[in-house]
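Accompanying notes for the structure given below.
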Amino acid sequence: MRDVQSELDVRNIPIDRVGISGISYPITVLDKEKGTQETVAIVAMAVALPHEYRGTHMSRFVEALEEFRGRVTPHELEGLTDNLIERLEAIKAEVTFRFPYFIRKNAPVSKLESWSSYDVMFKAEKTRSKFELETEVIAAIQTLCPCSKEISDYGAHNQRAYVRLAVKMKDFIWIEELVSIIEDCASAPTFTLLKREDEKYVTEHAYNNPRFVEDVVREIVLRLETDKRISQFRVTVSSSESIHNHDAFAEVERAYE
Amino acid sequence: MRDVQSELDVRNIPIDRVGISGISYPITVLDKEKGTQETVAIVAMAVALPHEYRGTHMSRFVEALEEFRGRVTPHELEGLTDNLIERLEAIKAEVTFRFPYFIRKNAPVSKLESWSSYDVMFKAEKTRSKFELETEVIAAIQTLCPCSKEISDYGAHNQRAYVRLAVKMKDFIWIEELVSIIEDCASAPTFTLLKREDEKYVTEHAYNNPRFVEDVVREIVLRLETDKRISQFRVTVSSSESIHNHDAFAEVERAYE
Amino acid sequence: MRDVQSELDVRNIPIDRVGISGISYPITVLDKEKGTQETVAIVAMAVALPHEYRGTHMSRFVEALEEFRGRVTPHELEGLTDNLIERLEAIKAEVTFRFPYFIRKNAPVSKLESWSSYDVMFKAEKTRSKFELETEVIAAIQTLCPCSKEISDYGAHNQRAYVRLAVKMKDFIWIEELVSIIEDCASAPTFTLLKREDEKYVTEHAYNNPRFVEDVVREIVLRLETDKRISQFRVTVSSSESIHNHDAFAEVERAYE
Amino acid sequence: MRDVQSELDVRNIPIDRVGISGISYPITVLDKEKGTQETVAIVAMAVALPHEYRGTHMSRFVEALEEFRGRVTPHELEGLTDNLIERLEAIKAEVTFRFPYFIRKNAPVSKLESWSSYDVMFKAEKTRSKFELETEVIAAIQTLCPCSKEISDYGAHNQRAYVRLAVKMKDFIWIEELVSIIEDCASAPTFTLLKREDEKYVTEHAYNNPRFVEDVVREIVLRLETDKRISQFRVTVSSSESIHNHDAFAEVERAYE
């Protein structure tokens, strides 16, 4: 059968990224407490295509994913990008895994345990000379408005907010560490299971720690900028304002060399 | 050209709904203040297909939509379903328009004006003998937790919540009336534009009106059950809990004959 | 601390469903080949609330979910609804688990293996006297248009389509069986991994099996209506038409008793 | 009332973007045929915040949006960013409007008219010295696989694909021009209304113009790279493969000087 993809292309246009996306696949990720954790990822995989080839071979991405057998660790991700570079004769490969990640959390007073869910993304990029890994964590927190607290005789509007923290690492950082940084900077973390004594604690804790989105983003930056393991980061805090039908957000990006 | 759709089908299976969905179309809807309002709808249209036909003629739905020219009123919607019944030789037709609807709202103290957006759906269903119109409004409100207020020394968790109210009408009810019912039953409405004096007012107002999702749904039902124009309703209140990463919800359905 | 939820409510309005939704939780489901499968669910849980109570106790839903420990089988789901009825003194409980489910599938010619993903939902409903379980499977298939094939000198438009099949069962049916019914009725199933020889086979197979959405829905109904294990079903086929920016759909509902 | 936002911040962290997002607002955009077009936008607005201020004044964004009165033209967008810079004493402002845009399109043979919908985004960025406008258009097209056509005895798999084209302009380019470029490079455009003779034409046209995502992206780049009005672009073609439950994609980015 003719191999149309391998034919010579004369348009002289290299393609930055060509591949497949939206593949749902079972994976295993590293878990600080349990060693590993089973979850489900949405996967994208791409290579750079030199100008002279008409197309890439899409089925080889899935073959590489099958060989990889879902072991999502920094080491294995580099192996997967190497495999793609070799298999597809490419100069660059990128793979992205997005998945829910679960951490057991204790309620603050009753100490009852339940699962908290975080949306995590690993993005690995390999060129012939360099491997880069980006980790992104999205965590739900509570923000309580300092202005509303200050100007009101009682109460203060508060709401669920989402923090998206993406870091490029020089050394390994656990998802659990990124989650801790985020939750420490909130008016309060969110919890899945809270009894009445916990709800009292969380309500008062948030009232005692009012935070604008600007405050949350800055507190997170303070913790990141002193961490030698991080070469680059982007933090976005987006608050589902309870007094509005729109969101307030703040974002800081930094790259060190 | 052969008309495959019109061929005899021998599988003896009538189809309840066949048609097209996900069509984005500009429309004009009735506006209580301004007369009419221009907006954009996602449209679905379907007919019941008797067992003897292999298929319907999908292009005729779009032709009916074009003739209709986007005038979304109860009268025109009945005309559209009649058109479909005739054009497609059907015994039943259903059309659904989902669209954002805008109302000018004043901030509670400063009285500054801005647009509030609501998600509205009209669903019209016609059989040979009967026309039924369902209107659904989704509005964002604020809920403040009565339990959190009661047990905490200060503060109370609150959050954005969404009310979905669907009614079947015997007599015409304005979108604006449904929105008013919803907002009157909230701890506080949401606003697009609030100055500091407004934020103080809304914060204190919500603190003075604590409401569980159970309270909001019941307050709305109280207002609906005495309205003679309504033959059927369903109310769902879903609160994006600020202390959790999941929602609390309450739902009541009623049908009168 | 005062228990606000347990206070007497005088509005005289029972609530049909009150509970929590949007909880992301790790679960284990039955797998026809491997025994069990680890995956991740979005969970909703609700009870009916009698008119005399002001509110339900939201934290008890999570406690029940924790005790349940994620074993999603028909037997365990009935236990979970029983637990909710007892724990919340309710007359009715409903729980819903939505999750991706994975099946190993072989390419049709090369026989290469990969994971196919399906969106599955279990909905369990218990009243004091009756337990009902609904299973819903969403599968991606290919549809090839019989009209386009018939009227064109060459080619035929085809596209990805999604089948949503929901059944209420009297006897247990495997997810794998529902998937087989759906895929047998398509112009062709979709595959994650296809080599060139497989792509030739699938292309020709689809061309030899042209199917309107009306055909697919009827072929599925033919298989369901003779299955004694099924008491009720709803099938929706929605095709992402490649010649349009909207979808074509067909739907059949049946209830036997 | 105390102005908490204006207080001195000592954390020494400037914020790259702070503002509001997810605001649904009615707008008017320029239309090549009709002069203007009414539609509905999702709006985001942000400014850069110097390190010494604790917070921005979120309500002033909405006041600027109200004064702007929804006239989304390049000239007015620059006015809006200037207004934000002045009103919020910022050194940089960014505004984003995402909206459906409608173009009347004729079926290829019957010439019947209907609306085609495109997702458009304008992003305007102003610093004290420079104004930049990015326009993004997302259009649905049909792709027919050259490999499938070549290796199969009959038929070829095809599907709906989405092209996302973002350009930074030195001179004004109409949305209609960007749509034309995209549709010219497809196996076939999509249409809302097609009669049988049109469906025959489109089916055969696509079969005669097989295109990988790699081909579509390159054909678009060929047209963009010779257009002097464009200083920067990014093109992504993502194809909802009919033989897979995942997508194939290709992307090219370019920036000149």
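Note that the chains take the letters A, B, C and D in the order they are written out, and that residue 1 is the start of every chain.
Here is the rule we go by: contacts are C-beta pairs under 8 Å (C-beta built on N, C-alpha and C of every residue); 3 or more make two chains touch, one makes a residue touch a chain.
No experiment lies behind these values; they were computed from the predicted model shown.
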item	value
Centroid-based (C-alpha) most distant chain relative to chain B	A
Repeat of the C-D interface, chosen from A-B, A-C or B-D (over half of contact pairs identical by residue number)	A-B
Whole-Å gap separating chain B and chain D, where each centre is the average of the chain's CA atoms	28
Whole-Å separation of chain centres (CA-atom averages), chain A against chain B	35
Where chain A and chain D are represented by their mean Cα positions, the distance between them in whole Å	25
Contacts with 2+ other chains: residues of chain D	1, 23-24, 117, 147, 151, 192, 194, 196, 200, 244-246
Residue numbers on chain D that touch chain C, as the complex places them	116-117, 140, 142, 144-145, 147-148, 151-160, 188, 190-192, 194, 196, 199-200, 202-204, 206-207, 240-246
Residue numbers on chain B that touch chain C, as the complex places them	1-2, 4-5, 9, 11, 13-24, 44, 46, 49, 54-56, 58, 146-147, 150-151, 212-215, 217-219, 221-222, 238, 244-253
Contact set on chain A toward chain C in their complex	1, 3, 23-26, 37-40, 59, 62-63, 65-66, 100, 102, 112-115, 117, 192-197, 200
